[in-house]
């Protein structure tokens, strides 16, 4: 495994972890969606770097799919955010807890 | 490590820093700007890795389209100073736990990666022309691409339903 | 196969049929019908048995009628009835006595309610059937079947007066004690069965003789114990006097003439086996002689005629056992026959006399019987004469003399027994004639009366028989394969004198006021030696105490073996639950359940509803998985 | 090409339903979706037993794929019958068809791309289905699924990417740890990430949090689909992943750990739930645990997992559909005396619950036997203890609901009307005949597989290599 | 096929009976009788049919083997030998008796009859199943209808008693379950087939533990002290039909299990544990008899006698010799008749007087002679009078005990004596004595007399013509003992 791939994978894990941090630490729905996007950039980087390492187009192919997923999630997530904001304080996801226990 | 590799690593590291800043900004707009910065850095890294198509798509769609949608949404809500202060207070109240958690997830990943058999191969990224990518996507992967479009349709249907006016038809 | 022995099956059948019809048949029957069925059921066996006996007398008397055969493992269970001299003689006796007594009952029980009458006759017939089964049995199973059913009938008949707690208690006592003896007998029979691999008596007895010494001795001792219990011999005698709580015909048939004497029959049946074990034989003789003396002595002091006769039965069967122990089963059986006749006669006539004396059976009820009930009294006197053994005319003399002779001839050991038996014989005459002399004392001016035909015919027949059988005693012994032993004439003369000495004593006791008063006071002897009390102390009371303790009536835990594990388990559960349960009453599973509910209430807080917490859990899980992943590759 | 017929039918059905949704009467979209799913089921059924191969380079065409497609389409059809959220949601049929397509893709996925896209297609469709009623609880359920689903997807992708980086292959079969790769930490990490991603879709503890909330807040039909079809598809994916042999022991150990935790926690938290859908949500967590235990122990019987699905899916669908008939978030009290008021529903619900509990005479019992035998054969005492305790707890809460079905309402009291809180009965309400067919079919299937499991087991064993 | 019907008919019949209550008066009663009669026909068909070719031994009269889920080793395996046939016949007969004597049960009579039929079905399953998973299943299933019978139609503190019954037997059943699953898991190929287990060659130490597990379940059901605490309560509080089924069927399942499996599966374990079984039986027979002497509740008294008699059965089974085993088989059948009849009589008396307290009863002889006669007949049976099947059983057991150990034989003989004490106590308090006001009752009706006659016929028939029973039992006994002879 070449050096840059290891570095890229480490950074990808970092991106993923940062996104996870955002997901756990932030209470605003919007921030959480942003954190999700950041989480997804981790695998994106990893795929592209691995593709470059293997000289294989499949890495970039998977990147495209990740991108599609990110786009879909943003679309659904933002629509949901707008809808939620009518019912609840979407700035604080902790208040959205009718379903529990 | 080749020069391209070093540059790509540098760019990705920048992206990580930008993302880290993004998740810690109390102001949504600032956060979004840092996200864009991070995405652009990543795009630069992609270019350095010889994945030109990925870099381009990243800039156009990710940093361009998706973030634009974000910004539109952000503009519909007000984020006045008190909202920012509230956000800052919330973040200040609970960032240590999540940080520890993040390190907990990261630690085994880093340990595993760094323990791995590094330094094999010539170390240089191999560029992949967009043409071979196209051959792949519209050749053997055609079904997957179709399915990805179905994914978009599903998201679209959901978003459309959610966006329906209250008490709409 | 059609043989004359097929008729054996018909002997107990009528009586059994009568029992089924009366005891278990659902149809309503009136008094006349009940009496008819009972009488037919009682007489028919005699009608069948007499020709068989005659056939036996003429032909070769050794026949088997199989009932069914089956194999259990390697063993053969072959049920059969058997006709041989022993069963023929005893069978004829039992059928005749049975017919007489049941016939007599028709008048005697005339006042009973129809359902009670039905029950009475059903049981009497069942008894007759089972006694015949036992007598005619060719195998141990039928033998034991009859043996046990007799005990069952005895219990029910003693307790015939179901409202009398005394009668019920007497019945239970009789049943329990005889059951103990039955258990011994059963053990003996099963051991023999294991030795022989067959239940036929023809196979059992040789197998028993062939068994090793220890086992042989054990079997013989167990058989003896069974016989002692059924025959109310020392030390099992206590049940018989109290069994007199039953109606008089019951006492006549079961508790004197036939069932009680079955012990003697049993020992005669197994005589070859018993004779192979000298120790047990000696024990039989000693116990027999002791019982004879003890019974006679107790009888002398009885106030109650029936109890007197009961002790007399104990004593007379003692004589039989003495003969058996001396190796003279033929003599014993001859005495069995004679005793059956005169003892049933005594009971029936005494019953007839006392019945008109308003039911009391006190000896004073006999007063003036000669005048008030002449026929019955004469019959009673005839029976008493036979019991006392008036020489030459009565059957009793011939059979008893043979026993005494056998004792005298049995060597120095026998002479001691002879002395004991002779004393008993003297006392026998004494107690036999006490009621007779009492009957001679006239009170008032009683009007002579006669009972019905059903009362008088059996009494008359039996009275005649006491004398008629006298010349037959020796032939019976010979028919059974033995010979009447004859001692020196001097000894025979002493024996002949004994009854007269006894009669004189009886006259003295009755007519000399001082003596009769002293007799009346002799409580100790009246109730027999207090073996009852000893049993009460060493067996009954501890048993009752144990039962009370085990059932928690003494303040303990009821059913401790079952309850203590439950209690321990409950305690343990409670102890385990206590830290969780606030409510001390909330024990056991409910406590566990409550703890579960609380734990659930706490546990469900995990599902807080906050997305951040969900993400937290997700991250933790991921971290754990990655840690494992890294750990598994760590070098 | 004929191997793709079911997918084509589903795709066209979804497209037609989507296009018909805005203008045409609601029944048209429903019919289009139903046609698509019905045809897909038909095609998949017809292809059972044909020679196996690859449909396209990223999609297998084998017994497992056909079986998965068949049951996904059938459960899609069943849930479609009961899909009627309160405000008319015209997108429902199309979304359901898309979700079914996703499940069919997962069932055939031999490639990272198909696996990932199938999973995400199901997830996104489910999010959209969850929020159909637009009530606050529905939105909350959808939101939770979105956030958790995103995180799960990211974890899954990380796993795929790491595996790709380590091996250079996106084929699942390419990840077989060869001599050079044994002990490769990157591949091991990939397995860890992958496990987390799949466990999320499978609702294994601690990735299960969305399930109970989703079951309670979302429309019952969507929940039924999430619990039945999507779970079946993921189970098949798990089987395929297990078959390629990802690095051990992380795979089995991690799966077994999650399975044990799911069996314990899922059953425990279900104990005294008053809400039927929520109880079923926790129970689905528990059943995921049982299934995962089956996979983790590498059961010797090839038909074990499919049979478990066959026992579990009809029971869950029937139970949730009856909950849907009663109204949103049916409570224990609403079920009182159901058997006497609505005999078919009551009887089928009884069968479903005792099958879930694993009592004899119904399919769940046989499934439980498969489970216990597999655990015993593997000698995994942790799993055995967890399965025993879990089953014991399960007995309690399932029977609690069963008993209430038979408890007559005292004469003085008002009988709750059935359906208790009637959903808005509009023109698009399906025919009661269809509902009866679904319930009756589920009941018959449970009984048949419970009483004569032999033919079923033989057929399922024949499906698999 | 006919064997399957023996289980399926009552099982489905029970479900139908649940709903038949709605169709007219007594429909469910006649229906239940019809179902049980049909099952009797099926039993006859199975019995006289050609013996199965694939049977592992000549003793099997009929067999059904259906591969249920072969990969799981699940199969539906029923096999009937003489003992099972006899016990099934008894269970069906007692089922009919229970229906007849419960004619006046009005409360939820549909469910009542369903429970009766289910109990019969489950016990038939226990008697026939040779696949141990099914055996264990029926074993546990049996508890449910019995539990309902006690807790819904019982007397007194019925819920607590029913719970006690359930807890005792369910917990004990776990021993059986654990042992069965352990064997299945260690078999070379997963299976629950008892015939396979028999050939498997289980290591001796394992045999001991497995037999302990089996015995826990069987001894509790039997019941042998100290596991018997549930029985007196359950018998006392159950409705009459419940008591009959408990005494006639449930107790027999325990004895049946001890008859069938220890020798077949665990010969080595049997040799180790048999002395303890003998000791337990010896203790139980005296203990039960002594406690019966002190009871004031008539049903409780009979319940304790059941403990005594079933302990004799235990002695016979643990003896491991031919006579004792035969005796145990006969005693099972005999006790089913006699104990059921006594419960029936006491139940009928309770219906009339509202009390079972011996101190408040008396004088039946005067007021109800038929009652008294019936009591006397079964009193004799309880005493093991010769001529009743009970005597045959006990005599055979004692014979066997003489071969094993004379002390045990002596103990059994002592219990024979004690039986007189409790039996005469029962008779003295109920039948004898002056009629007490409460006891002025109607005599037995014809519908009560019918069952009584059936039970009495059974008791006396097998007592007087024992070959009817012995011929049937012998092959089963031989087969059960054959593995024990192996060194």
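As written, the chain order gives the labels A, B, C, D and E, with residue 1 at the start of each chain.
Definition applied: a contact is a pair of C-beta atoms (placed from the backbone, for glycine too) under 8 Å apart; a residue touches a chain by one contact, two chains touch by 3 or more.
None of the values given here were measured: they were computed from a predicted structure.
Least step count on the touch graph, subunit B to subunit E: 2. Located most centrally within the structure is E, per distance between chain CA means and the overall CA mean. Of all the chains, the one whose CA centre sits at the greatest distance from that of subunit E is B. Most remote from subunit A, judged by the distance between CA-atom centroids, is C. The centroid of the Cα atoms in subunit C and the matching centroid in subunit D are 80 Å apart. Centre-to-centre separation of subunit A and subunit D, using mean CA positions: 26 Å. Averaging C-alpha coordinates per chain places the centre of subunit B 31 Å away from that of subunit D. Spacing of subunit A relative to subunit B, judged by their CA centroids, is 6 angstrom. Among the residues of subunit D, those touching two or more other chains are numbered 113, 117, 120, 124, 127-128, 131, 134, 143-144, 147, 151, 155, 184-186, 188-189, 192, 212-213. In subunit E, no residue reaches two or more other chains under the touch definition.
Each of residues 604, 607, 609, 611, 615-616, 619-620, 622, 626, 629-630, 633-635 in subunit C touches at least two other chains.
Working note: touching chain pairs come out as A-B, A-C, A-D, B-C, B-D, C-D, C-E, D-E.
Within the complex formed with subunit E, the subunit C residues making contact are 23-24, 26, 68, 70, 72-73, 75, 77, 115, 118-119, 141, 144-145, 147-149, 152, 155-156, 159, 162-163, 165, 168, 171-172, 175-176, 179-180, 182-184, 186-187, 190-191, 193-194, 543, 546-548, 550-551, 553, 559, 561-566, 589.
Considering their complex, residues 97-98, 101-102, 104-105, 108-109, 111-112, 115 of subunit B touch subunit C. Across the complex, subunit E meets subunit C through its residues 167, 225-229, 232, 287, 290-291, 293-295, 322-323, 326, 363, 365-366, 369-370, 373, 376-377, 380, 383, 385-387, 391, 395-396, 398-399, 402-403, 409-410, 413-414, 416-417, 420-421, 424, 428, 431-434, 449, 465-467, 470-471, 474. Residues 616, 619-620, 622-623, 626-627, 629-631, 633-635 of subunit C touch subunit B in their complex. Subunit A contributes residues 1, 5, 9, 12-13, 16, 19-20, 23, 29, 32-33, 36, 39-40, 42-43, 46-47, 49-51, 53-54, 56, 58-59, 61-62, 65-66, 69, 72-73, 76-77, 80, 83-84, 87-88, 93, 96-100 to its touches with subunit D in the complex.
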